[in-house]
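Got a structure for you, questions after.
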Amino acid sequence: MAEQYKSLHPVKYYRDYLSHNIRPDGRVFDTFRPVILNTGSIDTADGSALSKLGQTTVVCGIKAELCKPKAESPNKGFVVPNLDLPPLCSPKFRPGPPSDQAQVLSQLINDIIENSQCIDLTDLCIFPDKLAWCLYIDFICLDFDGSVVDACIIALVGALKTVKLPFVDYDAALDNIQVNLENTRPLPVHSIPVSTTFAIFDDKIILADPTVEEENLCTGIIVIVLKDDELCCVHKPGGSPLSSDELLGCIEKSKKKVPLMRDLLKTALQDVG
Amino acid sequence: MSNIRKTIVSNCEKTFLLKNLAEFNRLDGRAFDEFRKVEIEFGSDWGCCFVSLGKTKVIAQVSCEIQQPKSSRPGEGILNLNVELNPIAAPHFEADRQSNEQVQLNRLLEKCLKDSKAIDLESLCIKNNEKVWAIRVDINVLNHEGNILDCASIAALAALAHFRRPDVTCDGEEFVIHSIKQKDPIPMVIHHYPVCITYSVFNSGLYILADPTLLEENVADAFLSIGLNAYKELCGLHLGGKADLSPEIIIQTANKAAARASSVVQQIKDAIEQNNEIRREQKDGFCRLANKRDPVELVEELSVYLDQWSTKKKKNKRKSKEPKDEQIEQEVKEPDITADIKPLVAGTAVLVPKENDDGDAIKVWDTSESEDDAVEFVELPHPKVETVDIADTDSEEEAVIVLNADQKTKKRKKRLT
Amino acid sequence: MDDEPLICLPGQRLCLCDKTYTSGQGTYERQGYIYSQLAGYVDIVEKDGVKIVEVHSSGEQTVVPAQGDIVTAQISIITQAYAKCFIKCVGDTVLRRPFRAIIRKEDVRATEKDRVEIYKSFRPGDIVLGRVLPITEAHVYQLTTAENELGVVIAHSERGHPMVPISWTEMQCSKTFIKEQRKVAKVLPEKISKDFMQSSK
Amino acid sequence: MPIDHKRINGPEDTLPYQLFTKLNRKSLEQKYKELVQDGKRHDSRAPLEHRKIFMKTGVVSQAKGSAYIEVEKTKVMVSVFDPREIPNRQDYSLKGEIYCEFKFAPFSCEKRRLHQLDAEEKQYSQIMKKALEATVCRHEFPNFQVDIYALVLHNDGSALSAAITAAGLALSHAGVPMYDLITSATLGIQKDTILIDPTTIEERICRTPFWKEKEDNEHGLVVLSMLHTHNQVAQFYQSGSISLDKLPHLIETLEKACADTIPVIQQCLVKHVIKTIKKSSNVIEV
Amino acid sequence: MEATKYRCNLDILSRPDGSVLFCEGKTTVIAGLYGPVEVKIQKAHIDKATVDCHYRPKSGLPGVEDRLYESFIRNTCETSLVAALFPRSAVLIMLQEMQNDKQLISCAVNAACMACLSSGIDMKFMFGAVTAFLTKDEELVLTPPIIDKDIKALFVIVFESTEGRILACHTEGCFSKEQFNQAVSICEAQCINVFKFFKQTLLDNK
């Protein structure tokens, strides 16, 4: 009977739960779902990681290719992140070109990578104006159950930490490229961004790390990204208005997540060695 | 799907318009060969201009980047034109979707500006076969009140004339792009200034209206668009629709368009001149538009137009108030266009039945498409050089690379995790 | 259910198909044998001396509405001739994806069919119980509410408050007490009504 | 390549770095010789030995049914969704339709894959569809369509077989009525060497015609899918050139490989059924 | 601190139901609104209007970046419009970049609000946006620094007019929580001017 009730009147179903200060999946408002991070399991990619946030699953694979830097910035490489929300991960999505949602999230992730400065593009330059690395960072959502950006950012950091780039010898005079596979170096990762999604329910209740159902029913979403003690993204695209205190409260809550994520990453990478 | 939110022209609007035309009146009070007022404003960026033709409004922006030249034209820069029919201009336009209308507009503009060799592409070459400037003109239509083509062509030309690209110097091997602050940017080299002049054709050329409004465009049988520069050289001529026009009419109309073209070109040149002077003092660009109140802009009511209409009529002649069959002939000689046309079509045009179905704009466009073959080309003043499609050669090169890639990766050693 | 349910997998041969055993739900018959179609457990139902072998899927079943099923649907669009709706549940099974259906004007109620007005029977957003009619047109399911037990079960007034049925043609807003016309279903399952009355407070 | 305005684009042309590595240029002959040495392949399997298979159901919570298969490094995810109305369909079809999409993740192969489906992926989608049509009771959902999506996360050979096997499992997990369990296996052949379940490297060697001029230039890949109980072939795909005389032997080998996979699927499904029965009985008890 | 100058020209376009040319400093955007109009069946909601936003850069085709702006403005407008009044219809909000001097997003949001106001569509509240810049010297300013490299972070904060709560927020770059807090308060103060300007413009246009 509960199933039908949920299907026919989902908002009321949720309100009933939330009025008892609990969410249908048993969490209280502020708790996050368990996080699993697995790194380096795809060896066709130059760096890879799989993250699970409750049911939400995202796999991130990084492929490095060689290219010519832009004339305007001859000493910079490229980072090309894209999030794919394939029809595999949820019945909401149809085959075909990326949906608006996928595009918006791709850009948000791109902004986060840029703002957090976790990758220094000059590290990717091999020879100014001639040769640079282009990192294709592809995120594929395997299970779409809310807070996808959070899962992407975890997977991103995990994947970046496993990237190993081969040494490249470039002979400018002959325009000759020689790649040495035996000799690799890890990519310097300058910061660890940690993202937290919040959902505003009924204009007042703030739920951390929402599931997809909560995201569908809520009246607003906030994404906060921190790197160390600094903020690098406070993204609230419309939705229920909040007072500045409430917003700062969210920032405070997401701060608590930073050391946890850092430890998780450390443990995950230890095993890889 | 494209019919969603489409405004339909009602039969009574149509008949009203045609009846008025029979009395040689246009609904906005203009004479048949009168154009709407052109206004040109420039933004603070180089190559950005906002043009209004009456209430039709368009914004054009020129941008440039360095690219590899096409292998068939190693010593020439690249010029791309792109017209966008945004939903802001009319609710039935769809974003991110190429409509037939859009493709046609783009092609007509290309014919006028690109194929006529108005822009000196050779001056855009930086290093033969390696680096050239690719110039892109984006024309966003903001308000569709008829005759987008003319408005867009004026905007594109004005923007190109206004545009300046950053200077590039070469010290042996390295190319340095100087920012606008470091070195004065360089204006484009323009050989001649071609613009499009469009006419709507009613009743097989019985009435030919210059610069049609939206309603006139939708009701018209056909449209005749003439690309011309100030030297009366033809740069593309297109007749779309289903009117059987005699060649003489086309030539006569083209002659009249030539006068218009030179005045428009002069206006563009004046506007650029004026802008260059303003730029020295202030760089506000479009902000000037914000406080500008054009009295004509606010004229909305039909009654106001009708006032204008009657004053125009007074100027013409009192006689027109008693429309009699014989009198029309006399009256006809008053405005010079109709006088031109009349003797040619007399006899044939009178009984042509007008289309009474709801053939709206789309229909007009569609038919014009299907009749593309029948489009008459008048020889261009400049020899037309055949553009060789280099796509084939390009893709071959690519294919080679890919093949290599496959074979080499085969020999790649397997990497360990 | 037995203590140890008999688990079977698709394509598993269950038994001979003869006078005593026939193939039922979740099974198929081929060359004299009954095979399972699903991964689940076997159930044998006796009816008129014939044992019907059925296989029930362990998880949610894949169901599509069939003729005669009672379904729960939400009205989406109303016109003069019919109401469009989405089937959300078939029987007790909640669908993950809704199916489109229509209720034609003549299928709204059993009596005085010619005086039915759609807008006096359903409004967009209403939840109705309906029975699936034989499929005639290729695409859309047709529903009927021409039974006492069928019709609107949950509705909100124009103000957005839940309404309570007061007769078989009227419902009343719980806040504003304004009456609105509906084709009301007679029997409300106890639990649903209780749940809703509670939640609306 | 035209710029995709719905994705973030990189620079115009980028090249995989693998192109510029110091390659130890082995002759084809040598490569072929190294394929099997002392009766062992490079990963120390016997030629007719299948790699270990790991399978799991219920990996995608949003899907009706899903399965994940790992054949050592090859990793494939498949999800199946409830029947839905066939979009833009005018006529009535008595049998339901199956829609299959087979996709390689951009980073799943040595060379980066593009986001749009390429010809190979489209072909594999079709093969998968044909294979699964044989096992799904399509008459049970007339006029509807069941969507099946397969995503290869990591391709180390035999990805198509893995996808078909996983799709069969996912369909069964989704509770879609099926005639039988389906399994699939791949085989590569080069001259006299027959390799079951080839890896990417082996696949590539088997795909190339080495000795064009000679007569016995047999090479190629064969994919076979079998229905278990009825022992019927659901799909057969062959590429390259293989003599007709050899075919029965190859099919026999593949049939055996298919049959070997069945217990894994059975185990996985039974586990799933027991779990759900327990769960539902728990609920009832409570 | 020099106050940002707001200027606008209402009803600059004849086709849309409401339109405006809005200048914030030197940044200029044209906004137009159609609505409620017919909606595509796939996009229709049974209980509210579908709000659609199209943003057009002045050069090049709109890319993924512009989609983020679109969703930002779309969600902001959807919250403030009384969408429930027009079920199964669409409200289209179109924005055209005219001139960009680093305040593009806030200018576009303000233009969208003015377009809504000028079309006369029902709104729950007005919304106004302010851009604040954090310079390399850790100073918060409202006028855009001339050199791009001087900007360490950028904040676009959208407020609603009734209680002054934060409706939307977009940031670029890195900053501390205190700086964010400070940015919110200076934007809040500036936003009062934005609302004043809206009201004055509407009064002048009577």
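We call the chains A, B, C, D and E, going by the order they appear; numbering starts again at 1 in every chain.
Everything that follows uses one rule, which is that a residue touches a chain if its C-beta (ideal position, glycine included) is under 8 Å from a C-beta of that chain, and two chains touch if they have at least 3 such contacts.
A quick map from chain label to UniProt name: A = Ribosomal RNA-processing protein 43; B = Exosome complex component RRP45; C = Exosome complex component CSL4; D, E = Exoribonuclease phosphorolytic domain-containing protein.
Since the structure is predicted, the reported quantities are computational estimates derived from the model, not experimental observations.
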{"item": "Of all other chains, the one whose Cα centre sits farthest from chain C", "value": "B"}
{"item": "Chain whose mean Cα position lies farthest from chain A", "value": "B"}
{"item": "CA centroid of chain D to CA centroid of chain E, Å", "value": "50"}
{"item": "Distance between the centres, which are taken as Cα means, of chain C and chain B, whole angstrom", "value": "59"}
{"item": "Distance between the centres, which are taken as Cα means, of chain D and chain C, whole angstrom", "value": "38"}
{"item": "Where chain D touches two or more other chains, by residue", "value": "5-9, 15-16, 18-19, 21, 81-82, 110"}
{"item": "Multi-partner residues of chain A (at least 2 other chains)", "value": "41, 43, 91, 103, 106-107, 110, 181"}
{"item": "Overlap residues in chain B, where contacts from two or more other chains coincide", "value": "96, 412-413"}
{"item": "In the complex with chain E, residue positions of chain A that touch it", "value": "100, 103-104, 106-108, 110-111, 115-117, 219-220, 222, 227, 229-244, 247-248, 251"}
{"item": "Complex contacts: residues of chain A adjacent to chain B", "value": "40-41, 43, 71-72, 129, 181"}
{"item": "Complex contacts: residues of chain C adjacent to chain E", "value": "76-77, 124-125"}
{"item": "List of chain E residues in touch with chain A within their complex", "value": "64-65, 67-68, 70-79, 158-160, 163, 165-177, 180-181, 184-185, 188"}
{"item": "List of chain A residues in touch with chain C within their complex", "value": "1, 3-9, 12, 15-16, 91"}
